[in-house]
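Accompanying notes for the structure given below.
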């Protein structure tokens, strides 16, 4: 029996202004399979899935569900066609309960009272059937991300989804949680549901999918049976050339401690303790990596060290001097540079011209200003030098920063922070959303900094990146540093630590 | 006049002065809970007061006046919606624009049509909402303590007053017990969640601002044809802003909104009452102090003595999927 | 396809689109005029005749524009720091107190050119003080500046009222206003300026504060785009998180920006108080602070744009007076109507025509 | 002589049923009698008056009448600029050779209505709601209080002012609220001297079945049976006289103070309120009027010493 494919995409094309996110995409997903989609950041995976889900509209192209073309005007239509989606950024209302979130859009009547009881019953059924336990009356904001994701899956199941799209579901999960998720997905598949799974972790693709498609720069470049391909082939398809999966670096030569963190406790904006009594050192000439699942306090830790967030208690010492003021400008004076996790909201002002961003945070420095005035000529000359040195394209300091691509934007930040020759560099997610060429370049610069005797603290949710760059690895879980390892520690070991299971 | 009578008098005055605030603040509640800031409450109130007065004057019917007030206010809401929902414009700017437009157009049209310096002609009794004397009010007068309250505070108000107090639990019920309310609260917190649940964000928000329009229509109508007997230029006199402050003060919840509005109404009543009177120890306090009091109090309250008031998270931010 | 991020050339962004928005605002205003039963074309010609028809009218137009430049700059400076200051109205009112106190105390002793600089400082200082509390509430307590500045407009109105009715009023006079300043407290008129252009200023109160306003435009331009402070304000205005990352002190910048904004609003008082009526009157600001919002939006928060927008609004105000005088059916509040429409179309609906224009532009480029 | 009359109203609007309407009636009467048209202008804000006055003067209008003290400084200025034009200011004094200032002895008229109020009150409590808190309005209040006391020695007089800016003339809501307060405190006759705000006072009194007293124009017809009387102030005369005097070359500058004697102020009694006025009340008013004219009653003028005798 040849079943009709669950999903068929024909000639899907989508532009966001000047960005061509999807170029003439064709894709066939067979019913009852797990179909993986991989691709670098910005390849257009989420866009494509959002088009299937009716969140975006394709500029042209056709979507067929179970063989017949459907016009998916909005998510309502997608839901009606049996499509469910778990978004990369969760679509939950934080101050609603789990139940309210699940009912939203499927309330079962004008009044809530009637729907509530049946929703509870249905939830119970789903829970027992798939092992998706979650208390329906807790508020979303009180749930850990793993459970929030479960709510998203429940939402889709509650609406009777036959086709389930998961957009990078494991980015926020520990390896163990990811395994649990995969078990659920397999149960779903065995019951005849179709699953599209987006990820850029090749290991996961190999472990769970039946088929895999590769996207690159908006194009669908290949589709393979998982059993018939290899990690190396997929990597090459993804990037478009052969890649070295390891960074070249020599032995570290650590000196005296530059940064010392003592019993640091930090709370987030809601007053929740995110960093709990953490202590560690970073010495000159070494890279200390902080591994952990997103949301375990790494961001708050970085912000506290960078002076953006005031710690509740504890002490931070830079070169033996206590940093007791949360004042990033002053810390820069002391030689602390910071490449933030989020370049769009922190590292750059996207509306500014490139040269303005090339001095952001350093604009008060003597070379850049005269009295109260900025020395625009000096700033632009300086920006041009960095552009050349870092091969930032296009080489135009007067261009609006928003018009640079993600990798080049990241280079603007990296150039600015590294070129002031700091003694301490803290880095969050150095290569998020950056193409592979830029990744190699940025990694090289980081290693060079280390070899020049700088102290470097690196936070990344990409375990591979942490292992490739770090000389020592600290693992964070639930605000604590649960252990320290060397980079040759196995992925398994680190994964368990990230889940808070082993130390 | 004994203290109890003074108290009754101020209480009755408080109620009368709170009604437009309650309607307006509830209007703001619907709009802002759905994520649309509404500085234009002031203008909507003024516009509907004008429309209500004109139509009530022409038709000699208070109810038609109310209808006109609502239509006008809803129309303005739609303009605000068109700017801030469809065109993703700045919500504050749009609100400010509406306030200017209405402040001008009411006087321009009023003067052109009636020639009374922007006022509309005095209304006949049929064109107004008259006080309703509840059964037994006259008899109750002499019962100690509760008698005067029944006769002077509870009885003797017009229908809109009672509607305002009904609107409070009704709003609560809509917000927390209906599908529309659930979706509306959701869209003010995370429009993405609503969108991916297959609900149109724009239409939902349009419905919310229309609710705001309807409620504002009531408040304007109250001003023009229940509390007074004509439209007078600028008769909203900043009440829209006070209502907005009450909304913040009440942390965007219906029942607290009512109490906040009663508080501001009380301050106003007190200001009227205290005028020219001697305050023990201080002597005669200049009226300006009382006139400024609600505004000062608002600032004091906003300064955080009410705890942090967290507005709906998506408030003021136009919903854009595509950059 | 979304058109929002398609770049357009400057002449479209800063020329065509605002012009289009303005035209629509005027068309609707014309409709209102027609509704009243007057001819929109006649009204338009009266508007132009009444505002630019002779030296005196031009003088009046520029007199109004002077006030609007100050308040427009005031709003713009705050907007660049991400703050929507609706309190320029009240800040200008208090600024009037500042310069009136200076004028009242100096006018007997010194000539105007000595009084003026002191009065400029006085007006700016008082305006800045008026902005201080809302700024502090925003910076330290997180109270929304839009609401607090509106509240302060009312509070200030009550305060000024009290002062004028009970303290500054001339005993025995009915009107709550100060005594008339002597020569030493009056700003001279710009008769010579008009003479350069071969016309007569007549009774129009155009005075040296017009020059001060132009100077302030340059100062503001310098501040916003050429100084470290301006850079920090703009950073905060566009991206508060980037500002905190860059170590730009939020509290300090909010306070400074708001107080500068208040100071500029305060300086507006020089024009009506010392330049025109030579006394401090109740409610002398009469909406100029709010016009500043429209002017700033129209002028895209740039001093040059603000000058043009202020003159446009000067034309509206002076011409509007003339219309209301010549067409008794149309009251002066027609100005508010137009102002509201301009704010709506140039501000909240500024991008309404953009998608259509982008499409046209792309077709045109392809062709 | 040639007249090209012009009229600038106060900010309440032409048809305010009160002060401005009285001025309008004066101008209309002149027009009806002579067939000479006039131009008028209704400023809606305080800053507009000066320009209107100047516009009229510069276009050769003569005389220019400005009703309302709000135009005092405007007249001062413009009169100096146009020495050949004749200006008339009502309710204020401007000392210029080409300006006639018409003021009224409002205290006398208010005394008369005060007498009626005192006699009509059953509770022995009467009220007064003023517009903007200025000495002029205190003058109304003071005369009223004296009259009420003359009628009933131990009468209690409540008084409130609506506000302290021009907006106080245009705030019937607050006017009504203040009235309600006074009624709650026992007042059963309330005198409004508050421009358009007074409409709210009269309305509230009518709604609560109490008596009210109108001002400036005869407002008895607004709520027949509820408006006890009106303190008419003959602003129409000031306008009418200004025009006819100029026409007949009899224009005089300086101050004209119009009191009961000159028929400039008085208590209106007509068909609308006849039923409210008993013969005794009628007699008392007539007597008070005669006494004032004869000088046997001297009504204290608040503005003379900024104080009201208690």
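Observations, loosely collected:
A, B, C and D label the chains in the order they appear, each numbered from 1.
Quick note on the criterion: a residue touches a chain if its C-beta (ideal position, glycine included) is under 8 Å from a C-beta of that chain, and two chains touch if they have at least 3 such contacts.
Note that this is a predicted model, so its numbers are computed, not measured.
Between subunit C and subunit D, the least number of touch steps comes to 1. Here the largest set of C-beta contact pairs joins the chains B-C. Ranking all chains by how far their C-alpha centres lie from the centre of subunit B, first place goes to A.
Centre-to-centre spacing of subunit B and subunit C amounts to 30 Å, using the average Cα coordinate of each chain.
For the pair subunit B and subunit D, the distance between C-alpha centroids works out to 35 Å. Inter-chain spacing, taken between the CA centroids of subunit A and subunit B, is 46 Å.
Put simply, the C-alpha centre of subunit A and that of subunit C have 46 angstrom between them.
Multi-chain contact residues of subunit D (touching two or more other chains): 42, 44, 133, 164. Within subunit A, residues 16-17 each touch two or more of the remaining chains.
Shared contact sites, meaning residues of subunit C that touch two or more other chains, fall at 2, 4-5, 161-162, 165, 331, 333.
Those chain pairs judged to touch are A-B, A-C, B-C, B-D, C-D.
Within the complex formed with subunit B, the residues of subunit C that make contact are 2, 4-5, 32, 35-37, 84, 86, 133-134, 137, 141-144, 146-148, 150-152, 154-155, 158-159, 161-162, 165-166, 290, 293-294, 297, 329-331, 333-341, 343-344, 347-352. Only residues 16-17, 53-56, 74-80, 85, 87, 89, 91-96, 100-101, 103-107, 109-113, 115, 155 of subunit A touch subunit B when the two sit together in their complex.
Within the complex formed with subunit D, the subunit C residues making contact are 60, 157, 161-162, 165, 171-177, 180, 203, 277, 279, 281-284, 286, 321, 325, 328, 331-333. Interface residues of subunit D, counted against subunit B in their complex, comprise 11-17, 20, 42, 44, 133, 159-161, 163-164, 167, 170-174, 176-178, 180-181, 184-186, 196, 199-200, 203, 207, 222. Partner subunit C is touched in their complex by these residues of subunit A: 14-19, 59, 306-308, 327-332, 338, 340, 342, 345-352, 356, 360-361, 363-364, 369, 372-374, 376, 402-403.
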